[in-house]
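Please find the structures below.
Both complexes below contain chain A, partnered by chain B and then by chain C.
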Partner chain A sequence: MSTHNVPETFSIPVGPLHVALEEPMYFKIDVQGETVSHIDINAGHAHRGIEYLTTKRTMYQNVVLTERICSLCSNSHPQTFAMAAEKIAGIEVPERGIYLRTVADEMKRVTSHLFNVALLVHLVGYETYFMHMMQVREIGQDMLESIFGNRQDIGAMCIGGVRYDLDDKSIAYIKGALDKIEAETKDIIKTFKTNGSILRRTKGVGVLTHAEAITCGVVGPVARASGVDYDVRREAPYAAYDRLPLVVHSLTDGDVWSRAMVRLEEILTSIDLLRVCLRDLPGGPVNINDRPDIPPGQAVTRSEAPRGEVIYYLRTNDTPQPERVKWRVPTFMNWDSLRFMLQDAKVADIAMIVNSIDPCLSCTER
Partner chain B sequence: MSRLPQDLEARLTAAAPAGVEFSAETDQYGVTVAWLGLASAADLSPVATLLKEMGARLSMITCAQPSAPEEEEEDEDEDDEDGEEKAETEPKETPKSFGGTPLDGTSYEIDYHFDIAGDALTVIAYVPQGGSIASLTPLFRNADWHEREMMELYAVKVTDHPDPRRLFLDASVDGAVLERLIPFSTLVNAASTKGLWERLLAGKKGAA
Partner chain C sequence: MNFLTIFARNLKQGPQTEAFPLGPAFTPERLRGRIEFNADHCEGCRICERVCPANAIRFAKTPDGMTFDCWHNTCVFCGNCEFYCPTDAIHQTNDWDLSHVNADKFDMVEHGLIPNQKCVECGATALNTAPVIKNAKPPLSAEEYTELRARCPKCRAKYLKNRKVPA
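What follows is the complex of A and B.
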């Protein structure tokens, strides 16, 4: 290559408001020609000080507040928070409540994963298929709205159980919706394995090696796509996961395609889990029907949100307000791992790679 | 039952010469949650090195300023300096943490939450006001953001951090935000002006 062909280095800003990014993320990217040579991450565009706010609210108000930290994992936050409070107070959730928690969790996982993979297809440029996938997701959103009365913040959790119940009619309705989503998802998986446009844009792109995944401490589908076989539902079971036929999917390539494929396979697993839950749903109360004071203490609880491990640390004192609530969401580490994924990537692939970690900034920055 | 190594407590005790306070509890799912209080924050690095060798994953770091037991809500209407003076003028004996850090509402408790094959271990270090703690970022890459966040929320110092920039808060915002009272309207950035009403009223007058 002659010297006048050597490309110059440019710095380009990507974000904080960018047509192809769903979240207010801000990357300062140095490019050499079309290739990314250095990435700097600037965070803080969605910082709201919720951690401070939790210490000004009572424990029971915080169930409502934590649900509003994030919209796509809006069920995982109050659930993990409630689990911490229950651990401190020694509250035992009734059996039916345990199963209904799992039902709410898995319903949210199905719609969250479908949303992320649909957006990936949009970024690939396959708009008709994006529309189709969003339509499939809409079956799930209708299901959430019909059962919980809301599409995103479903308000299912409370300390000591859940706030909703299912009857035969709603169970039959959910089963019907799941059948539709399952058939469509199997079709989507087939498309992802064969469609040239999707394969060309996603295979071997944005690779996070197994070693890098361990170094960054990534979790969720991002970790599992890089061969880190870890799922909180299996490793540290909660709710009804210890008695469900959970299959953990992991792949080894660590590219955008693998992350999407792990999510798609997990949708099918979630549907299986939902069917078992609905079949085995025990009778009895759905919650303890009481609001006991939470005594002083501390607890660490974890759950598997759609994006990976969510961990809560709760410390209570003699007052109705908690002394400290701290949580860490999957995007916290997955975001940092983008430094590895974006290194030497093409500029045109940046948005797609960023999307492949399924970023959620409002819960990362709190 | 527990997936934590059998000799975990012994190995941790050996790594922390100043002394440890260990407790563990296994729930009905067979998941163990263990706590390890360190008598000296200086023992954090050797303990973390040991955990790294054992293949532990750093899950989260929590920094907190436990309030003094005798005065709850001590941050109600005082800023940090006032709280410190109050603690000095009160002759009452201040309770101490394990390891002897005074719990007067100004000290920090830093919890390092680790995951060992699915079980949780929390290492607790106490740091007095004005003290510092060693950075774990050289050992665990993902400690980076946690420590940067800790430094902007509290006045705690992290030594040998490779990149001690602000993380979420802009450099123009004063530090240690969780140690000060911040009005709610400022916190949610909803402070509004009377500009709109003044314009409306002026318009109304003009029309009349």
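What follows is the complex of A and C.
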């Protein structure tokens, strides 16, 4: 076949719509045949001006607004925001509230990780198993809806504690649902370790080496899959994590498979943490039952969202509205690493590699 | 679990999707849905209006008293109003079905009125709100509550002050 006048490299657009997760992210990718040679990442399609909006609303309205930044980390945002407000005002959350915060956090982590790994299976092309995994996640979603009243925006947090309480009936219900999810997750892990289709598409694909992970400063499961043993829940414990038997999972390969495996193992750890929380749940009030004014001041707090470390900076003044709220979300750190992961990747693997960092653009561009 | 087992289980269980609208939809008891307002319990502190992040709740002074309006199409169902309401006057039902034809969009409002009344003691016009009795010691009897409620804010304060002494 003649190769007359056919350039060796092409430039193809990927996005801004429908790259894994249907999030609006635009990649200008130069390919050489089937291989990616250069990546240009362009963002900003999901900007809604939420940082500005927070300065127009009171602290108590902002707990709800920050929850709506992102649907999958919808518990980590208000929690970190509330932690910052509590730090400024010197509010101590009651013991039961601390445990219930952990319960909400871990429940969201279970469903978020299941969602991401299910999408990976979808991108691998294994639709039947994708349906099955989404059904497993649905057990968790029904649990969130039954305990908190909403599938995504669970509304568990308030400044000074939590807004919900658990009774014996709901604890028994959660335990039953966790048993089901745990058994299914163990099967999923087994499938991930043995299924040829999944292994062939994900092993050794989109590798981020340990050195590159350090260079990019990646966080969360992406970092842990590249051998960076870092988890905010252990490094700077908040809520009840200093009292719980937390196991941090890390792998060394840094490929798509490792990132999925770290997430799957974390689901099992989350289930263990939830069981311990429900067993040790202390009595007493769940919040401070007050709505104090937040004095002028500034604070930085951080927590481990399902995607990694989320940092909040809050500065307040004499008004009920904050003067400045700024957050650094995990995807902001992680998407830079896509340059390394996508380098020399095959065009067919692009969507899968993008999905493997679990991108959340509504958080990042807010 | 291998696929044959999953297959057999799914055959036995049938479709996982909900039959809605042909059957009932999964609706937990705690589902945070449509707002319900009980004007009888409202003490008129308007905290719900202040904590509502979507500004869906509006109070307004009218010749008949104070009106409460919650616009369902603006509401984000966060439940802040219910959580911060001191008297359980506002509450979220688990009714999620807010579908309506476009012509009805301005009727999607939870409306309430806290009527005006004449104070039985001084005759001034004041709102017939639920009195703030959280800190009243000893707790008010039903009779005392009715008496207190029929007064204006100033006479209510006087009533509670005079009541404290004999105890």
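Criterion: the second predicted complex is superposed on the first by the 356 of 366 C-alpha atoms of A that agree within 3 Å, B and C clash if a C-alpha of one lies under 4 Å from a C-alpha of the other, contacts with A are read in each partner's own complex, and residues count from 1 in each chain.
In the analysis below, contacts are C-beta pairs under 8 Å (C-beta built on N, C-alpha and C of every residue); 3 or more make two chains touch, one makes a residue touch a chain.
The model shown is predicted, which means the values in this text are computed figures rather than measured ones.
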| item | value |
| --- | --- |
| Superposition on chain A - do chain B and chain C clash or fit | fit |
| Contact breadth on chain A, by residue count: chain C or chain B | B |
| First (chain B), second (chain C), both or neither touched by A:V300 | first |
| Touched partner set for A:T9, first chain B, second chain C, both or neither | neither |
| Which of chain B and chain C A:N289 touches, first, second, both or neither | neither |
| First, second, both or neither for A:D187, with chain B first and chain C second | second |
| Partner chain in contact with A:F148 - chain B first, chain C second, else both or neither | second |
| Chain B versus chain C as contact partner of A:T252, first or second or both or neither | neither |
| Smallest distance from any CA atom of chain C to any CA atom of chain B, in Å, after fitting | 13 |
| Residue ranges of chain B in contact with chain A within the complex | 27, 29-31, 33, 57-60, 62, 64, 66-67, 72-73, 111, 113, 115, 117-120, 122, 140-142, 144-146, 153, 166-170, 177-178, 182, 187-188 |
| Chain B-facing residues of chain A, complex | 43-44, 47-49, 51-53, 87, 214-217, 232, 235-238, 242, 299-300, 302, 309, 311, 313, 315, 317-319, 323-324, 326-328, 332-333, 336, 365 |
| Residue ranges of chain C touching chain A (in the complex, touch as defined) | 1, 6, 16, 26, 28-32, 47, 50-53, 76-80, 83-84, 92, 94 |
| List of chain A residues in touch with chain C within their complex | 57-58, 60-65, 67-68, 132, 135, 138, 142, 145-150, 153, 155, 158, 163, 183-184, 187, 291 |
